[in-house]
Amino acid sequence: MERIGQRFLEFALFFLILSFVSFLFIQLTPGDPVRQMLRVDEVAVTQEQIESLRNELKLDEPLHVQYWYWLKRFFAFDLGNSYMTNRPVVEELLTKFPTTLELALTSLLVMLMISIPLGTLAAVYKGKWIDHISRLFALIGSSIPSFWLGIVLIYIFAVHLNIFPTIGKGTWKHLVLPSLTLGIAMSAVYVRMIRSSLLEGFQKEYVKAARSRGIAETRIFFFHVFRSALIPLITLFGMSLGSLIGGTVIVEVLFSYPGIGKLVVDAIMRRDYPIIQGYVLFISLLVIVINILIDMSYLYLNPEIRLKKGERK
Amino acid sequence: MTSTKMIRLFQIWFPLFLLLLYIVVILIAPFLMSQDPLKINMDHRLAPMSREHILGTDHLGRDLLARILAGGQVTVGVSFLAVILILAISIPIGILSGFFGGWFDRFCMRTVDSLLAFPDFIVAVVLTGLLGPSLFHVMLAIIIAKCGSYIRVVRSIILVEKEKDYILMARTSGLRTMQIVKKHFFPHVIGNVIVLVTLDLGKIILMIASLSYIGLGAQPPVPEWGAMLNECKSYVHSAPHLMIFPGIAIMCTVLISNLVGDHLRDHFTLQNR
Amino acid sequence: MELLRINCLSLSIMGEHILKDVTLTVKRGEWFTLMGESGSGKSMTALAIAGLLPSSVLMEKGDIFFENRNTKSFSANEWRKIRGKEISFIFQDYYNTFTPFIKIGHHCDEVIRSHEAYSKEERKNMIIRAFEDMQLPAERVYNSYPFQLSGGQMQRVAIALAIVLRPKLLIADEPTTALDSVTAAHVLELISYIKQQMNCAVLFITHDIRHAKKYSDTIAVMKAGEIVEYGEKDQLLRSPCHPYTKSLFDAAPKLKRPTYV
C-alpha cells in the first residue's frame, strides 16, 4: 500500500514540475495569444476589446503572478479555451477521449487475437514452418509504417471491395479498419515476445516436475507456462505504451477518426496552444495512471512481491 | 589475430558495412538521376509507368522515381544525421555521468528519467507543436526524445566497467583520465551502442516518415517518403502507384536496417560473453 | 514379486553412449538403491523408467517392463495416467519443482484431480493426511506459497505429493543431497516409514554409501553408464566384487575415534 502512496507522491511532484514547464512553454511561444483568440486578422476588433481581454487573462502581470493564476485555474480543472473553437480545453479532451479509448482497446483486442495464437504456435512448434512464418510476419510487420498499412487496407477493403468506411466515426464498421491497422502493426512486435516468453517458460524445472506428476500437457501449458509468461509480457506492454499512444494519433489522422490524437494534430497545425498543452498534461496523467495499474498488477501476479513483508524462509 | 577471431569480426562488421553502403547509395543516387524531382509538369500528372517516367508521375506531374530517390536522401539522411547527433551527445554525457558521478550524475539521471516518462512519439509531437511543423524540428524532437535512453545505457556500461580490475590497474599506474576513457571505456561503449543504434535506425526512419505523414515534418515541396504518402491520399483510386512505391521504399530501408540490427545484436552479445 | 524390470537398456545422446546394457529388477515393496558418482547414468535410468527422457536422448535398445507391460508401447496419455499415480518422482532440486505463484495446496489438488474424481472435501482430507504423515503443519503448508517454506519442508511436501495417490513405485533422485544432514536423516526416515506403510517400492538414487547401507534391500552400483555390481545389500557390503565398489566403500567417511601415534 505504501508503494501506491509513494507513487502518488512522485506523480504529484512530477505533475507540478510539468505544469510549470508547460506554462513556461506557452509563454515562450511566438504570437500574441490575445490576438489569436480574438482572430484579429479576420475580424475587426477594437483596441478596447484587446485591452479588456488582456486584463481578464492578466497577461500584463509579472510572470509569477500569471503562473499563480494559471495554477489556480489548473486545479479547478480549467485549462483555458481552444483558440479555434473557444470551447473549454477540458471539454474538448473529455468528449473526444472515449473515442480514442475505444480505438485503443479494440486495437489491443485485435493485437492479442493475432499475436497470442501465432506466438503460441511458434513456441510450441518451434523450428517448424509456422515458426518461420511468425518470424517473417514479425520482421516485415515491424518494418512497415503503420499508416502505409492503413492505406493499403483502405485500398483493398474500402476502395475495391467497398465494405468498410474509411472516414469518421459512426457504426462499428467505422472502427474496423483503424483498429485492424493499429492492431496488426503492434502484433508484429508482440508475436516474438510471446514466443520467447513461452519458450523460456517451457524450460522451467517446474514444468518437468508437473509432467512427472501426471498433469495433462494442456493444463501445464495454460496454468503454469502461460501464467508465468504474463509478467514479462505486461512489462513489455508497459514499455510499448508509447507506441500505442503514438499509433492512435497516426491512425486517427489517417482515418479522420475524431479522437484526441486528431484533435492535437489539428491543434498543432493551427497553433492552438491551449489544446496542445491540455493534451500533454492529459497524456502524462494517463501514462502515470497506467503505470500505477501495471505496478498493481505485478502485486497480484507475483505473490512473492505481495508477501515480501510477511513470512520468509 | 587467430582466424576464428577474424571470422567473428567479419561477421559483425560486414553487415554493418553493407548497411552503411546502402545508406551511402541512397544519399548519392539522386545525383545520378536525370529527372528533376521538383519539376512540376501539369500536362503529365498522374501518368502511369512509362519509359520516360519509370515509376510514373505524381499529382503535380513530378517524376515519381526521382522523388523517391530524393526522398531517400531526405528521410534516410535526416535519420542518419539524427543518429550521429544522438551518439555525439549521449556518449560524452553518459561517460561523464557514469565516470564522475556526483551531482552531475544525479542531475542528469533525474532529467533523463522525467523525459523518459513520456512516450517518445509524444515528445516529438509536442516539440513540433510548440516550435512549428518542420523537418528540422522533427529531427530535433527525435534527438531529444532518444538521447535519454542512450545516456542511460552508456552510463550503466561505464558503471559496470569502472569497478573492474583492469581500470584500477590503469589508474594506479598513473594513466591520465582521458587516456583511460579513450582506450578502455570507448571500445566497450561503442560496440554496444552501435548495436542499439542500428536497431533504432529503423524506428527513427519510421518516426520521421510518420510525423511527416501527419503533416508535422517535411513540408511540401520537400520530397520525403512519409509526406509523399500523405499527398497521395486523394488519388488512391486513380493512381495507386503513388502509394505503393514510397511505402515499399520505407519498408525496404527499415527492413535492411532491422535485419542488420538483429544480426549484430545476436552476434555481439555472443561475443561479449 | 516383480514390479519393474529393465532389460539391456542402452541410451545415447548425439552418438555418445550414456547408458550401456543396464539390466535390473525391482520387486514390489523393496528398497532398491542405485549408487554411483555424478555422470554415472543413474538419473538417466530413473528418467527412462518414468518416461521423462529429454527428446535429445535416443533409446538404442532395451526394454523396460512395468508390471509386465512394455513401457515402450505406452502412448502419451497412458504415461500421463501412470505418472503421479503408479510411478512417482522426487527430484533433487525441490525448490524448482513447484510453480512459484501457485499455492502448495493447489499443487496437490491438481495432482489428485488429474487422476481421480474425488470431491473437493475428500481431496483436501487426503492432502492434509499426507502432510501430517510427513510431520508438516498441515493447514499452514496447505495455504502457503513455495517460497514461504524451508528446504526440508519443501522436500517433505514433494514426498507427500508423490505418495498421496499411493504409487507402486517411488523414484527418489538424490532427494537429500541438497539438504543439511539433520533434515536429510529426517527425510530418509519418512521415506522408509512410507515404504512400510504403503508397501511401495522405492528406487533410491544416491552417491552417499551411508544411506545405501542403512535402508536398502538391494544395491546396484553404476559407473560410466554401466552397472558394475548388483546384489543384495548385506552380501554386497560384506564382499564387494568389483574394484570400483570396493573403492567406494573405502572412501566413505567413518565415524571412528582418531588414533594418535
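We call the chains A, B and C, going by the order they appear; numbering starts again at 1 in every chain.
Here is the rule we use: a residue touches a chain if its C-beta (ideal position, glycine included) is under 8 Å from a C-beta of that chain, and two chains touch if they have at least 3 such contacts.
This one's a predicted model, so the numbers in the text were calculated from it and none came from an experiment.
**Student:** Using only Cα atoms to place each chain's centre, name the chain farthest from chain A.
**Tutor:** C
**Student:** Which chains touch each other through the most C-beta pairs?
**Tutor:** A-B
**Student:** Where the centre of all protein Cα atoms falls, which chain's Cα centre is nearest to that point?
**Tutor:** Located nearest the centre of all protein C-alpha atoms is chain A.
**Student:** Where the CA atoms of chain B average out and where those of chain C average out, how many Å apart are those spots?
**Tutor:** Whole-Å distance between the two chain centres: 58.
**Student:** Rounded to a whole Å, what is the gap between the Cα centroids of chain A and chain B?
**Tutor:** 24
**Student:** Mind checking the centre-to-centre distance between chain A and chain C? Centres are C-alpha means, answer in whole Å.
**Tutor:** Computed value for the inter-centroid distance: 53 Å.
**Student:** What are the residue numbers in chain B that touch two or more other chains?
**Tutor:** none
**Student:** For chain C, which residues are in contact with chain A within the complex?
**Tutor:** 50, 52, 76, 80-85, 88-89, 91, 93, 96-102, 110-111, 114-115, 144-145, 147-151, 161-162
**Student:** Give the list of chain A residues in touch with chain B in this complex.
**Tutor:** Interface residues on chain A, with respect to chain B: 14, 17, 25, 28-29, 139-140, 142-148, 151-152, 154-155, 159, 241-243, 245-246, 249-250, 253-254, 264-265, 267-269, 271, 273, 276, 280, 283-284, 287-288.
**Student:** Which of the residues in chain A come into contact with chain C in the complex?
**Tutor:** By the definition above, chain A touches chain C via 204-206, 208-217, 219, 223-224, 227-228, 301-304, 307, 310-313.
**Student:** In their shared complex, at which residues does chain B touch chain A?
**Tutor:** 114, 117-122, 125-126, 128-130, 132-133, 202, 206, 209-210, 213-216, 226, 229, 232-233, 236-237, 240, 243, 247, 250-251, 254-255, 258-259
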